Amino acid sequence: MIELVSSVVPVGGGFTPLVVDFPFERNYVESIIYVSLYVSLTAVLLGTLVSLPIAILVGFSQFPGKGFVVALINTGMGFPSVVVGLVVLFAVSNQGPLGTFDLVFTTEAMIMSQFVLATPVITGVSLAAVTSVEDGVRDAAYAMGGTRLDVALVTIKEARFGIATGILAGLGRAISEVGSVLIVGGNIVSADGTSVTRTLTTAIQLEARQGRFELAMILGAILVTLVLLINGIVLRLGGGRV
Amino acid sequence: MIELVSSVVPVGGGFTPLVVDFPFERNYVESIIYVSLYVSLTAVLLGTLVSLPIAILVGFSQFPGKGFVVALINTGMGFPSVVVGLVVLFAVSNQGPLGTFDLVFTTEAMIMSQFVLATPVITGVSLAAVTSVEDGVRDAAYAMGGTRLDVALVTIKEARFGIATGILAGLGRAISEVGSVLIVGGNIVSADGTSVTRTLTTAIQLEARQGRFELAMILGAILVTLVLLINGIVLRLGGGRV
Amino acid sequence: MMRQRQQRQERAWGSSEGLALRNISHGFDGTDVLDDVSLAVEQGETVAIIGPSGTGKTTLLRVLALFHRPDGGTVEVEGTDVWTRSERERLEVRRRIGMVFQEANLFDATVRRNVSYGRHIRRGWRDRLTHWLSRIGGEDTGEGVAEALDVVGLAEAETRSATSLSGGEAKRVAFARALAYDPDFLLLDEPTSDLDPRNTAVIEDAIETARARGLGVAIATHDMHQAERVADRVAVVLEGRLIEFGPAERVFTNPDDPRARKFIDGELVYGTRTGDRRDPSDLQE
Amino acid sequence: MMRQRQQRQERAWGSSEGLALRNISHGFDGTDVLDDVSLAVEQGETVAIIGPSGTGKTTLLRVLALFHRPDGGTVEVEGTDVWTRSERERLEVRRRIGMVFQEANLFDATVRRNVSYGRHIRRGWRDRLTHWLSRIGGEDTGEGVAEALDVVGLAEAETRSATSLSGGEAKRVAFARALAYDPDFLLLDEPTSDLDPRNTAVIEDAIETARARGLGVAIATHDMHQAERVADRVAVVLEGRLIEFGPAERVFTNPDDPRARKFIDGELVYGTRTGDRRDPSDLQE
Amino acid sequence: TGGDGGEKAAILEETLTLTTTTSTYDTGLLDVVNAAFEDRYGVDVDAVALGTGAALETARSGDSDVVLVHARSLEDAFIREGYGVNRRDLMFNDFAVVGPEDDPAGIDGMDEVTAAFRAIAETESTFISRGDDSGTHAKELAIWDEAGVEPGGEWYRVAGSGMGEVLTQANQTPGYTLADRGSYRSHGSGLDISIRVEGPIEGGPELLANPYGIVAVNPAVHENVNYDLAMSYIGFITSRAGQEIIEEYTVGGEQLFFPESVSGDPNFQQYVPGDWTPDDE
């Protein structure tokens, strides 16, 4: 991505070289990164906790309409983020069911909408991973006296690479999306230039809207670098097979 | 999603009941749906053609730095769409390397950016699916005189449910994203109200900008219904195991 | 073992003190696989289950191991119909049963973790956590693991990945895994099918040791010699029906059912390449 | 078969007219599995490969089937060192070899598709397309499929899903799959390990038929009786070395290497449960 | 800072939510105004940039306390419906017609924007419309109306996007568009299009005037809104101090906004819908 930026800069014409002069306040960028990571990682963590049991349950039980349930889960992977943002906005709005908690334009509301976006991805991909675990392995765990939970844990362990991929796909969807966090978060920075609800993506969008493409690119490069780092960590932890 | 809309409508207060009066020109909505499907399905088709060979190659060869390559692929799942849009915009702009083809604000440019967004998702999830195929099955195809391609096809067939999930995840990412298509497509309708580069997501975004949240929801419901239909078809074709 | 002896006195209404199937029928997707099968494995005895390929031996063992709730009939453990009991109680029963599958079904982990898994899941969650924490920085030695691997002659493979084992090695690890947590019953599905004579003997020794310690052993085998060597009682399954169930000596020398005799005889005449082979069709009714 | 006979005349420099390994050594991740193994399977003969569990039999067959490029030594087919040839030529060689793995390794598809797969991939792409198009609306009858399944007694299983087969049934389908496209060589890794005597006899008959038709057969087996029944020549592998390779009769009655005698003897004395079992340790050098 | 502790502590915890349009937000003016307000009152201002319609809609549902937009007709509707109270004229700048260097419609320097629009239509030069019901879009439609042209055809592109995106599009295509001066100025470097028809600030037609208003959300409709704070904010921004900040705010050395609330000749119409007359009801 860094390469992308430098290859792109000449096209835009006469931009300041990146190295000479980092065009953002350190505090600004750091707080944006913090908000991005806080919101997306929390959403993905919650999403994972919800997804894995669903994936295991759906993956290993047979019931009429199962195909439809799977299609529904996968459909969630295509929820338009703006609509999710609006739904969450209605929910947390003063008139909404969660109105009393005063969550409009807060990171909590952003976590809610990213949770809605990330969870179907994590569930869908984990479901596929879990389905591919051989029956024999689960049988072995069961035969050795495993509880349902034990069998589920063994299954998760066997499908760890696929599940790690699902979690990373969910994270990718959450951390890269801009539609819902903009609506429910409001892209707010406080007067001292610290992010309240501004994420890397909303900041990128802001710069792009104002025609400051090179700044958008720099923020994009930061985002991609972060994602790469997280990917490296998750794959190392979870993807023993690689 | 239909339910969501109707549960949300009362919150916004006095909206016209949905059934009574469909608030869009039929032509407008149809052309938007057409553009959405054309762009996203083409991007996903191309992405699948590129992804499967990569997934097979990376999945079944061992080389130093493989873990890093996998992390890179998965990182692509987190590319911010605005940045992808900007990169594609530079590429197709008059000064850009593809400037001669005059692709700015065309569906072709939109396909390019959605291709960039969808491909890593398809590749990443397919890679996980393909990795979980037992060696024994590939060995059998090889032993029976299979070429590399034959072995790859057998692998894809065994991993079909996971790969179908990957394709659907890629489609979900493509058809639901708004950042890049807005930048490279321009959200254009012609004067007679027919979409040129307006997709369901950019139309949703436009309605949301204008505060016409209920119209945004209706379009969102249409989008989600479409995705559900496509999911049903793909799972029926590809996911024999479900 | 004492526990069971006591229970035997207390539960006089139970007609079997081991694992028993009563009038079991079971099938998959509309096809019947087992039909009215009754059979018991008492503690301290070895029951061999023999019969042609696809006849239902594996299904029978899986019903015994509580994998399938049978379509008809009851599965009893020490006289108790287990499928009328709570899942918790069935879990307790399952924890007294060790099983070796026809395929090795090893976990994608080290041999040690495979063999120690049975003990692992018997730990409470707090113990698991303590154990997991205590392992950080050092490798788990795994009580009982080395001993069980030693029985099957694979002590030195403890730290290897289970995926890199040869077919016979994997089968032996699976056997060690079932032994390692000291079950009261052993269900063995072709445990020596991939093994050379020496390793077969090792496993048969282990089975004999287990039986002598009071375990109830059920072994599905296609090897008539093996059935003769290890079994106290023999069950002959033909197309899902139990056509013969009795003391090994009688079944092998003087079976009631002529088809059982034919099946067993099948083996005896296939002695040499040039030998007089029977037409398989005359094994049919 | 005529083709090979002709080639035999033309290629006088080749010392073997079948599949041959010369001074093969091979290992995984630094450990040596095969060490200086030389062995040949001529057309029209059956070679049995015996040896204890984990000794390298499967690895040897996989090197013969061109799965692994050996670390050292050459694999020759009719005198040609195949690993010096192009991938295209090796493909032609592989297409003359049928293999049955120790595990069944069936595809997740119907039995018919499993068995017809070998013919399927020999079709050109245009043929595949025509064939696929012609199948739409009707089911493929699959030439040769019914015949091959008939050989293993599973003709009626043609439309079943391969995942629902019993262990022995799966193994028999795998055998039919290898037979179905009429290879010149058959490599069999414990093809009857999960089979009862009757089905074992059926497979052994099929092996004998194949050999009689001029195929070269290599069979890794743990069953000494089977080796005696089917083999013309016997190779004894011990810890990756070929300690004995010669006519079956001589190896079984009068092996050169005392360890081979011990290994084979191992079986012969394990006749009864009360029999005198040898201490496994005295098989070591 | 400053001010005495007691009263300040009471509002220290509080946050004022201001919704505004992206084009206003993107000029950066609010950063300066809000910093001064926060400095004076010790409260946080959450400035949320949305499309004009969404900014008002958010206020309608009581999720913001004060709205700053430049679309008088929409503001009027907002007030008429009872959602907004105490509207004040705040400031103004103007619109300008921007277009490519080669000026295919030949409108450069025209005095009459209606004539310029007619020329664009006659030459069928590409024109990019916001198409998003924003204040700018409403102004553009008003001009077409005035010019007696019904825009349509290949050359007239409805982008349905914000000012920033439309400027980028006009630049890329290239084509003409109507832009507010603030957005045009604050748009980053690299625009090849430039102003073809000036607005009133640079001596252009009054038709291109762009007045901004600020409205508090009616606490009688949404009791949860922070009306006191909203009024403090309106008071501050329309005070002499606030207006000075607006006056002094420059981008690239040029003034973007012109204060309008401090006047010796108060305009009563600013408190009510623009077309309201006392005998309306």
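Observations, loosely collected:
Letters A, B, C, D and E mark the chains in the order given here, with residues in each chain numbered from 1 onward.
Here is the rule we use: a residue touches a chain if its C-beta (ideal position, glycine included) is under 8 Å from a C-beta of that chain, and two chains touch if they have at least 3 such contacts.
Note that the structure is predicted; figures quoted are calculated from it, not measured.
Minimum number of contact steps separating chain C from chain E: 2. Both chain D and chain E are touched by B. When you average the Cα atoms of each chain and compare centres, the chain farthest from chain B turns out to be C. Contact counts per chain pair peak at A-B.
Farthest from chain D in terms of Cα centroid separation is E.
With centres taken as mean Cα positions, chain E sits 34 Å from chain A.
One finds 47 Å separating the Cα centroids of chain A and chain C.
Listed for chain A are residues 12-13, 89, 93, 95, 134, 208, 213, 241, each touching two or more other chains. Multi-chain contact residues of chain C (touching two or more other chains) are listed as 103. Touching of two or more other chains is recorded for residues 61, 162, 165, 168 of chain E. Checking each pair of chains for touch leaves A-B, A-C, A-E, B-D, B-E, C-D. Listing the residues of chain A that touch chain B in their complex gives 1, 4, 8, 11-13, 66-68, 70-72, 74-83, 85-87, 89-90, 93, 95-96, 120-121, 124-125, 127-129, 131-134, 159, 161-162, 164-166, 168-169, 171-173, 175-179, 183, 200-201, 204-205, 208, 213, 216-217, 220, 223-224, 227-228, 231-232, 235-236, 239, 241-242.
Considering their complex, residues 17, 22, 26, 31, 34-35, 38-39, 44-49, 61-63, 162, 164-165, 167-168, 186-191, 222, 224 of chain E touch chain A.
Residues of chain E touching chain B in their complex: 50-58, 60-61, 131-134, 151-154, 156-162, 165, 168-169, 172-173.
Those residues of chain D that touch chain B in the complex are listed here as 65, 67, 91, 94-95, 97-99, 101, 103, 105-109, 117-118, 121-122, 174, 177-178, 181. Here chain B touches chain D in the complex through residues 134, 136-137, 139-147, 150, 154, 157-158, 241, going by the rule given at the top.
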